[in-house]
Each structure stands twice: as structure tokens, then as C-alpha cells.
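Chain IDs A, B, C and D follow the sequence of writing; residue 1 opens each chain.
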């Protein structure tokens, strides 16, 4: 009835991410696909182009620092608690990695254009700035054919493959999200040409996801691989599961800051860990279970209205006579 | 803390719909805003322009037949169980109402462009057809500034006011939808310049809607009026509440079909009914409670996964020392 | 075993369903196509993905008979319900294998009219139908188009009164020139037979006639000079099992009569 | 009664909040703006609507302190959570009253740089910050712009190294010529004082200096020839009640120190 797509992190990345791919890098300030980031580094993928709206906690900075990325199309890249993406700064200066800057909504519009299967979208921002001047790859002027006015257009971004982290997925690849459908994942992931690799906090049976399809951000047909990865967004937050690990972000940031120190972080926390479970084990070993416990959310914000998707069976119409009245008869 | 927007159907239409307005006409084949349609007819609004993707059960046909509409921008208008929008056909032939035809996704893209606040959107369809030739108001060619290729562009559609029917709303105007966010209502309604008039099967307290904001299709700030109107989409279906009333659609269609008979239908079912309650009372009186009972849905399709929106309190970080290790110290 | 007692609608549904391969993404329009895909999903195409304009995306057959493209039955236990945006976007991305549509008029190049008949420039002469709906989008960008049409000389015409939905337009190369990503018409199933399209000329030809019909009868019900396949054959009737499964999908004959 | 014991951050938050009127739609960027809007909502602007890039739309203060623009706290009991699409779309429709942003450099026309310093054409000289984020979109289309900036001669400059976010560009009429729908910079709140913009020249001028600061100190911390309002005055310190409410929002001093 459907293909089971549940597999290990290692298998998912090795099978579905190739050198030279354009990758949609999921999440925003939270829900950053860190388990996937580490695995891409472990497998030494090279010459990736990333596309994303904005991304925090330095996941992308690690990916660049580890030498995986040659081009970045983005609006904002940060590890907020150290105030800059240092590895990216160095990679830009050394010309190892090219940056293509646009505004957040130009980036999102680029992902929407890719999602929509059209080559560009008009946007209101970016005009009058250096982004428009210095990034003609992604931004140009277009004439509105109706009014004749000139405005900014952003080129469609379509990934070969998308990497995202989610709260819940089933083994077939129906991916549930709540508390926003995904900020931009609903477009970035769906626009991917080959499909989506998703790590999820929980894996459930398809009858669970399908009982509430409104919460599906990526449906089965678009998913390549489903990986069970609790804490898969750490140190970023996962809605309903854990908060942002600020101390770890700062700790990691101190390594990002220094090009000579960064390899030591990668050796210990990425290459030195067989998989994401090993990374979490190392965390507990080094900073204690209390470090993770501190991230537990305040729960109790549950839906109060019980919806029912119920349908109507047209079988009821069998034998029911036509409605009529005096005028129709006349 | 917020403005109460609950009011009668009469007040909502009289206050917020003006002659000459462009109106987003909500719903699709189901969720057609029939209570609002009838009230607009009752109040003899004139020279309306409607914009919508597709619409069934003849609601728009009645609105045109009653002389309210001078322009229609749409992809498909129908009363499926009589196989044509007869009043619209007559109004087109007599030049009372102009039609501007585009494809469904051109219509939806036009609504998305309006929603996005940009003047147009590129689309793949419509090229090579008579729609492109005969509707230059909505369809033109545009050159992709990146590839230089020519493709179809659709003009943004923005209503002055949107009329939609929903399952649940609170008195402030947060509108809940499930089993699709609204097919196209999420764009058509949000793109309206002045705001949205919504009829709903149920009115609940804001603490109920706000406990599950993912299901909000129109938030408070965008709503003009909330009207409690059970059966407000009849004879079209309302997801989770009732199915399509095929016999009534056929009955109504027999009147739509005949320009001389149609006023009799309007006299009895619209002008002759003070409000939507009176319309439903008349229905029961004429066709029996069994007619409504027949529309009851098969329920029991409820979400099985209990989501929690929970957040994380950054107060936990107070006094937590920085994480460090030998390399950082060094 | 072939069924001996079946209705024309049943034959059409079963014949259409055979055009759907397993694992394909099928975008189905309102009406009979919704029954066809339901039938395909419970028979030979268990891995088919169903899309509708209402925004349903599902990998399993719906729990009930859908009568609209946004019918709640299509969303009960569906895979996703993002609205028209999601299914039409996938269509524009080129991810739809089969665009399954209807129409009011069709010409020899498979161009379809669902807008109206008469002369648009003289409104008083123009008889409006419903308009394009999603058929135009589906036929522009779906990898191949499957159409279902009533057979009638007024409906199989030399040139449609209003070109709503592109077939091969005026012939070979026309779609490509306009940058259409879809491959165009593949099969037309009428109430009398089955048509395919010549790869070189892009013209429609008769491939099958239904039991009880003949090439002559079909020619008499077509206004253009109908080409006939050298291999034209009688359509295989449905099997008893097919009819039995089909009737279990629509036990009261809502669609099937 | 004026508070006597308050921090600079607290003064800035209270001063910024005064720029928000009740019932306005405020689009807040990451960092201190999230505290300002929370404070405004529970004090003088109970009908304010909060938007963030993460897609939160809410008419009530969040139940907890948000530290990102997609922080779960912003969605708990929110009005809607459609993703960035919804809030940025409303911005492009012209429905945002106040665009509340930060930046790394600002010039006398209110143009902001949050991309980096140095010469872009010589990458080895260019020190990257984070990039635009949503500030560009917000400042282009918000009805008016409220900016919060650290006061520093390297940050208040004659010309920004990289123009990320438009102020008045090169002066009067420039925004209009490019078709921008937003009105441009309104107020800049720095760590030393408050700036407004001349209606005719579009140039920034000093309107207020904080208690303990002076016009001279501010001039010394600004690299361009700073205009001074003839009505320049000392900023009113926060009241004890304001400080008390503010500290209840951030009881552990996460933002306020």
C-alpha cells in the first residue's frame, strides 16, 4: 500500500544527498536540522549549495566550517548567542564559499516560487539596496505587465533535496507540524526536486498522522527518508519538546569563532560521534542530564476544540424524490 | 482587550458591503456563503464585482440573477446538479454582467498575488488558449527576467470585502477551519482591503480558538463581522456539519434555469425570509425536518495525536554557568 | 470472467482506470474521474496518489464516495489538506503523471472547450457553460492527459468554439513552443469508444469501440474526419470481479446509475 | 513617580514602547523588540497586534518571554500561526503600522546595514554579520520604521558600508520614486538618545538625550554632522510602575540584565 521510508540517519544522508546538490536547509530560529547537519559533515559531502530563509544556532556555520558548502543563498545566518556566523565570515573572506544575499521575504518568495513551479516571483523589498546591486543571480527588476511599473523579482529556488526536522512523522513519510506549519519548510521542502529527508522526535503509525491531515507539512509522496532522531534539532528548540540550549550554543559558538579551534569541536562532537544518539550521550556525559532537563518546555497548551473531519455519504439520496412545487409543476 | 464583532447578518451586510464593491466570494464546491448571498440580495446591493476561484450550488448564479453583480472574475461557476449557471448565461447574453475567465490556478494565483500584496504572479496555465486572448484584463504575457522566457502572468485580485462561511468563529473574529485551511479562502479573505465578513456554524469563546491557532484561517485583526448562522452554507456542504443538499440544489436550479421563474424563487426563499433562520424554517415547513436530517454527516474522523504548543521559559538560564572545556580555556 | 450485465458508465470507469498505472500521481477533476481513481486505488493501483483541486493529497482510497473535489470524504484520513495551493503547485512543478479531466467540446488535436459555444464577440449568441475550472492547469502541466467525453457530433468537432484547455493546439511542436511542461493528450474515453493520438501528427485516432458499437457508428458521431487505427479493436468488457468491486464503491448507483 | 533605580536597557524598552500606539499592528524583529511589544501590550496598547517573521499573529501578550521570532511562546494562545507567509504578506499589503528593527550601522538618512562592514568587492576585507533577515522587508513596506541601535561612532555613519535596509536612501523623494509603500524611518532609539527625521530633508536629528547624557556626548558618538532639534530635551525616565511591570515580564533579567 505504501513504501516504508524509515531508515538510519547514515543511510538517509548517504542515499539521498550527493556532492554538488542544492539543499533546502530547514527550520528557522528553531527546528534547525542539526542531526542531519552533523551527518552531512560526517559523510564529508562537498560543494553543496544551500537555500533557506534564515537560520540560527550556527548549524549552517558548522556545515560551512567543515567544508561542505560552496554557495549559500539566504537572508540571515546566525548563531544568535555569539552574534555572528564566524566560519561563514572566514569562508567568504577566503572565497571558499559564495554568499548570495536577499531579504527574508525575498528568500521565502524564492522558495514559494520554487514550490509553485514558476521561475520567479515579484517582491516589494530589496529595491534600492546593495542586495539588488550585488546579487543579480537572485534579484532583478521586472516590469508588471498590467501597470507597467518596475519592481523587484526574485528567482525561484528549488533544492534537489530538503533536510528538515519535525516533531512527528510516520514511517511512510507523512510529516506532522504544529504551532506554524513550518515557517518556510512548507515551501522549501515541498519545492525540492527529489524530495525530503526528515528527522523526527517521534515516529507514529500512519493511522495517527492521517487522522489529522491539516497538520501534515510534507505528505508521504514527497518524502525520501524518515529518521527517528530525538533531540534532532539540538541545540535549537523543537516546539513542544525542548527549548533552545543557549549554553551549548554559546559553547559551540566559541569554537565557531576561531578557525583553529573549530576542527576540535567537529572532532569531538561530530566525527567523534557515530550518530545523533552518541552526540546526545556525549552531551549528558560532559554537561550532565541536568543540561537536557533544563530544556524541558512548559506544557499544557493543548487544543480545546475537538474537530471532526466527518463526511457525508451520498447513498442517502437513493429513492429520494425531486423537490418540487406549484411553479415548477406549472 | 479586543473589539466584539458578533452581529446580525443584516447589520454585517448593511455596514460592510457597499454598492460597487469588489467582493471575494468564499468557499469552493462546498462552504459556499449562502446566508450571506441571500442577505446581499435582500439588501439589493448593486454593481458588485466578484472574484473567486470556483463556486458551485448556484449561489453566485442567484446573486447575478437578482441583479447584484456587474463583473465576475472566476474560473468555474456552476450549479453542478443542473449543469450550468443559467442566470449568468442570460446576464452575459444581455450584457448585464461581464465575465472574465481564467483557469482555477490562475484565479488562485490572482488571489495569492492579492494576498501577497504584489501586482501579479506568473502561472503555467492559460497560455495558448482563448482565455489569454479574450481576458487581457486579468491575463498578459510577462518575460522572466532571469531566463528571458515569456510566460503567462495573472493580475492580482484584491477584494474590498470578503464573504466566507466557516465552521467555527469566536466573537472577536478568529475563524477556525479544518479539513483544508480553506481551499482558497486563506488567500481570498486575507487579501481583502477592508476585511472579512464571516458566517459560522458555531460561535465559541476566544480561549477556544486561541488554544489551536494552527486552525485559524482568518485572525481577529482582519475580521469585520462575525455572524452566527447555522446552516449558513446550505444547500452546499459544511465540513463536519452537513452534506450537500442535492435535491434542494436541483430544485433551486429549476428556477435558475428559467428567467421568468427565478423571481418567484427569490420572492419565496430570499425576500420572503427575514433572515437565514427564516429560510431554514421555511425549508423544514416545506420539505420536512427529514430533508435536513438527511444531510447529517458520518462523524468519528477525529485527530488521534494530542498536540501541545508548549513553550520554554528562558528564566531557567539564570545563574547557569557557561559551558567550557580544555580547548576554550586554553 | 467477463461480465455480461454492466452499464455503459461502468464500462467507461473500468476502461479509464486501466489508463492509470500503479504509483502514479493522478489529478482528478469533478464527476466520474473521482469514481475512476477510487476504483483504481482499490484494484491495480494501490500505490496511486490522488490529487484534487480542493487540495486533497492521499495515498489511500477515501472512506466514502466523493461528489465534489473538496468533498470531506477526500480529506478523511488523507495524507495532507493544504488547499488548492498544494496540488496545483505540484502540478506546476511537473509532479503530476495523469491529468484526468472532462469537457464539453473536443477537437482533433485534443483541445477542449468547457467555457461555452457560440461567438464570444457577440455575447447574445454565446451559451456559457461553467468555465475552465482546473482542467486548463491540469492539461497544461500534467505529464499526460486523460479525458472523458460524451460522444456526440456537436462535441467532437473540427475546431472548438472556445479553446479553454490546450490539447496539441494547432499540431506538432505548438505546446513546446509555448513552454508547456506537460506532454498533452494521451487518451480520450468517450461514451462509445477510446481515442489515442498520433505521435507525429498529434491527431486523434480511434483505437477502440465499445461492445455493440462500430467504427461506422463512431464516425457518424464525430464532426471531423476521424482517423482509424489499423489495429482498431473492440474494447474488452469489464470482468465480473471488476463490476463487483466497482459497485461496492458506489452501492446505491449514485454515479453508476 | 519616576523610578530612580533602572537600567539603560529598561529605559530603552520603555522609551521604545511609547512609540507604539494602541490598536496598531507592530512587526517586531528578534531581540529587545520582542520585550518592547510585550511591555506595550500589557500597558498602554492592549489592542496592539503583534506580528513576527516566524508567523505569529496575536492580539494578546504571549504567556512567556520569547527569545526567537518563531519562539513557541509566540504561538501559545496566538490568533494565527500561518508561517512567515502570513505576516510578510500583510506587510507587503501595507497593513503593518510599525516596523520595529535593529541593525549594525545607520546613516543620517536612516539607511541600515546589517550585512557587514568593509568592501564587498574585496571579500578578504569584508566582515560579515548575519544578513538582512526581515528588516529590509519591514523597512520597505511598514508604514513607519522604529529602529533600535547601539550608539557608537562606527555605527552612526555618514554612509553605510552596505545598504541592507532602506531608510530615505539618498534623501527626499527617493523611496517614492522606487514605489515603496512604506513611509520610512520615524524614530531611532539608541543607547544614548532618541532621533527623529526632518520632514523636508529626511535627515536624522537628535530629539532627546537620556538622563546623564548630553548633546555633546551624543555628537561625539556620531560620525556624521548631527543635526539637533531646537526642542531637544532630556528623555523622561521611566516610572516606578513601568519598571515594575517590565521586570514582571522578564523576572530573571534575561533581556534586561
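The definition used in the following text is that a contact is a pair of C-beta atoms (placed from the backbone, for glycine too) under 8 Å apart; a residue touches a chain by one contact, two chains touch by 3 or more.
All of these numbers come straight from a predicted model, not from anything done at the bench.
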Partner chains that subunit A and subunit C have in common: B
Geometric centre distance via CA averages, subunit D-subunit A, whole Å: 28
Centroid distance [mean C-alpha coordinates] between subunit D and subunit B, Å: 37
Chain centre separation (subunit C, subunit D; CA means) in Å: 56
Numbers and ranges of subunit D residues touching at least 2 other chains: 63-64, 67, 71-72, 75-77, 81-82, 91-92, 141, 181
Junction residues of subunit A, two or more chains touched: 116-118, 123-124, 149, 151, 179-181, 186, 207, 209, 211, 213-214, 237, 239-240, 244, 246, 297-298, 301, 309-314, 317
Graph class of chain-chain contacts, one of line, ring, star, complete, other: other
Which pairs of chains touch, using the document's own definition: A-B, A-C, A-D, B-C, B-D
Parts of subunit B lying in touch with subunit C, wherever the complex brings them together: 28-31, 53-54, 56, 74-78, 80, 84-85, 88-89, 92-95, 99, 101-106, 108, 112, 123-131, 134, 149-151, 179-184, 186-187, 237, 239-240, 244, 246, 297-298, 301
Subunit D - residues contacting subunit B, complex: 25, 46-47, 49, 57-60, 62-65, 67, 71-73, 75-82, 86, 89-94, 141, 181, 251-254
Subunit A residues within the subunit C interface of the complex: 1-3, 115-118, 158, 172, 174, 186, 190-191, 207, 209-211, 213-214, 216, 218-221, 309-315, 317-318
Complex contact set, residues of subunit A against subunit B: 109, 116-124, 140-147, 149, 151, 153, 155, 167-168, 176, 178-181, 204, 207-209, 211-215, 237, 239-240, 242-244, 246-248, 250-251, 254-255, 261, 264-265, 286-287, 291, 294-314, 316-317, 320-325, 327-328
Residues of subunit D defined as touching subunit A within the complex: 30, 53-56, 63-64, 67-72, 75-77, 81-85, 88, 91-92, 115-116, 120, 123-137, 140-141, 162-166, 169, 174-175, 178-181
